[in-house]
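One chain, chain A, appears in both complexes that follow, with chain B as partner in the first and chain C in the second.
Let's turn to the complex of A and B:
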């Protein structure tokens, strides 16, 4: 964490070069200002609930993200070429070049923010203090996304239940209409206030698309439905580390984060502080991660827990 | 706040059971309102020991009953 202190004395002269590129955080790089010349994001709350428009909008966003990534990579390469000249002039050691090559290989996952803010010099390591450790190579898969949206008008649930397909309404048990669609395979809870919960989607875009489809169904039944304040409330991911884990050992050393009661539940419940994610860790090596608002939190939490789990691998 | 949302969804049976039937291709639509279930099934075989009846579309309306549930198939 104290990267500035670990700077060797000969490199401190390079600590704050004027106008240097900082590949760690492209946002702050002068070459990549926050508002680039790229097409700005489309307005979130469109009046039309057309599914075709929604899909087109999602495709446009994906293309923009790809273009941004390509530009970032080009700038990183340009930055490292210019700073490698500085490195060879100012220093004699192999160490800066070692860290230098580290920055080339450890590109952040799309959507992640770097764990440590990068200093102005490219000489110091951007990766955490153990450059020898590699990433796990395992990517958690998203299993469930829960999102909410406000349709902006009062709804008559009985009308919706009687006229819409694939709807359930049992006001004695639960005060909402439960509706399902096949593509994306999701379930929605629609309340008389006009608010709606959409569950079951496997990606953020699918969740948004599904919510729009439900809103369209309600609109076609005659209600003046809008699509206000769509927000993803929770994301669940899962993955497999492919080795058995000593949960008993883990709860002993990480007791401030873990709770493990095998008589109650066979999994260890690990409450990570940063990012604020709850992980269910099982003896088999399967891990469930939940509580994320963005995909990057799931990835970050897994990268944090993986070296810990490796330390508690069962050897028998 | 997120946990409250979870509790609501489990109450609301968001278990995709009905959709699994949809994927198997038989159930077209379902509805539950006023304690009455309405199903529409496609390509159904009614099999009795002696007879076999194949139908393109079946609508099943089912109500709760005290002793017997009343079923009508059109």
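Let's turn to the complex of A and C:
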């Protein structure tokens, strides 16, 4: 594979900063191997994954680089010269709110060292991709994000329930106020210790925004609310592989990961180990992925399972 | 002076390790299994006829007792054969009720009250074994399944990974797994019917046990349940074979993707019975199989269009295929 010089012809048009905004972009974007100013990531063993998955992950990394705002530390950007192409887990945790699907910042950010290195930059050797293993081109859509935040002060749930709109509080049933807002459409459980759980958002940014709105509501009611330790606890995504799947075959070959009990649940429950994700796989071809802390885990899990599912496609 | 004799029956259990006992073998044929001749108490080598053991003690039972014996006294002096393999070292002493006059003290209470707590560490396990036997008895499960269940329970209990769960739930789940492993699966609903635990909890424990013991079970198929459901409905063998064939073909032709095998089996039984002289309603089949009759209706609608292909070639139709009920 060409290490340093011309990009393969099919990817010429893609060698641009905005070439990769969503992970579903056509995979052959070898701008990645050229190390577009990637932060040295905590090394995760990627030897088992295909190069195209690496490239996809790097596309996501590049996204982060481009969309970074000023709060990104300068030191990290200075260290971006290395062309390690490792997993994004480190930075994606920092900037979950940057996965906007709409906004694109294409201009290079001030203070960044040149993102497109000279051909002299050393490259880690990449295992050549088998041409048959295309990435699926299907992107799992996020359906639900569960996050927690600490408001940092004790709350009186009764006053909150009485004065706030759209709040329900039934201490005999559950010891928290259940509050809902319409935009983003979310539900929050607010506990008397000051901790809050926010569910129902469709993206990380929306979840953070919604949590801030709830915190503002509580603040307006007179409590000294802060916004401490916002953390996304769970992300749920779903997608459709568009072909029926032979679940019996899948459970036979992947016995140690799968559990398929038609009496208990019509779908196969696949507990993937490498990103620790649980997938619910149905006969119709619909797949639900859950248990992720960051978006990249969902994508990675789906890219892992897609070739396996293709192998168990129903032929009739 | 009156001598009053009182008899207490004291049972002593002794655990014996069979593998370290000195084993007699024929000197010429150390591998030959010796044949016991009980009349003379000999152990004879079958290869060369050498009498190896002489006047060995007969360990068979002392008395033969029959169930129709009216004698309330069991003359056997050694008691029940305990289960040292499962009950983990059965070295206990139990004191039975006294029979004579001197066994009672001045208030009429018996001296030597109660059988002392026996094997308190395994009391829960013994309770569970009793529960398992009761459950298995209700659905007439053979002894080998009960033994397998007991073994599974013992393994799970010793592992302690499911310690917080109700023992009855674990016992029910072990029973379910044992039936599956023996190749005669019972539906969760059938196990539910003989247990006080909910299907949800049995399902949870089932998955936990499979994980704890690191085993897996085969997928259920429609044919596993045919003989039981059909005989409970009183259907003749022809109908049962037809229903088995219909269900198998329906799954092969993928007419019922994603449907539980029980529902497909129920729908197949419905179709076969409606085509024969022995018709059964959906409600009856639903009662026996544990599926709702709307579920049977749904699966039946899926297999109805291909009905002529699903019946076996040699089936004698009482109602022709085109007259089958269409729901």
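Here, the second predicted complex is superposed on the first by the 187 of 316 C-alpha atoms of A that agree within 3 Å, B and C clash if a C-alpha of one lies under 4 Å from a C-alpha of the other, contacts with A are read in each partner's own complex, and residues count from 1 in each chain.
The working rule: a contact is a pair of C-beta atoms (placed from the backbone, for glycine too) under 8 Å apart; a residue touches a chain by one contact, two chains touch by 3 or more.
Just so we're clear, the structure is a prediction, and the values are computed from it rather than from any experiment.
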| item | value |
| --- | --- |
| Greater residue coverage of chain A in the superposed arrangement, chain B or chain C | B |
| Contacts of A:146 with chain B and chain C, given as first, second, both or neither | first |
| First, second, both or neither for A:259, with chain B first and chain C second | second |
| First (chain B), second (chain C), both or neither touched by A:251 | second |
| Which of chain B and chain C A:291 touches, first, second, both or neither | first |
| Touching partner for A:166 - first (chain B), second (chain C), both, neither | first |
| First, second, both or neither for A:314, with chain B first and chain C second | second |
| Touching both chain C and chain B, counted on chain A across the two superposed complexes | none |
| Touch list for chain A against partner chain B, complex | 146, 148, 158, 161-162, 165-170, 173-174, 176, 178, 180, 182, 185, 187, 189, 197, 199-200, 233-234, 291 |
| Chain C residues within the chain A interface of the complex | 187-188, 203, 206-207, 210, 216, 219-220, 253-254, 257-262 |
| Residue numbers on chain B that touch chain A, as the complex places them | 1-2, 5-6, 8-9, 11-14, 16, 18-19, 22-23, 29-33, 35 |
| Of chain A, residues touching chain C in the complex | 244, 248, 251-252, 255-256, 259-264, 266, 282-284, 314, 316 |
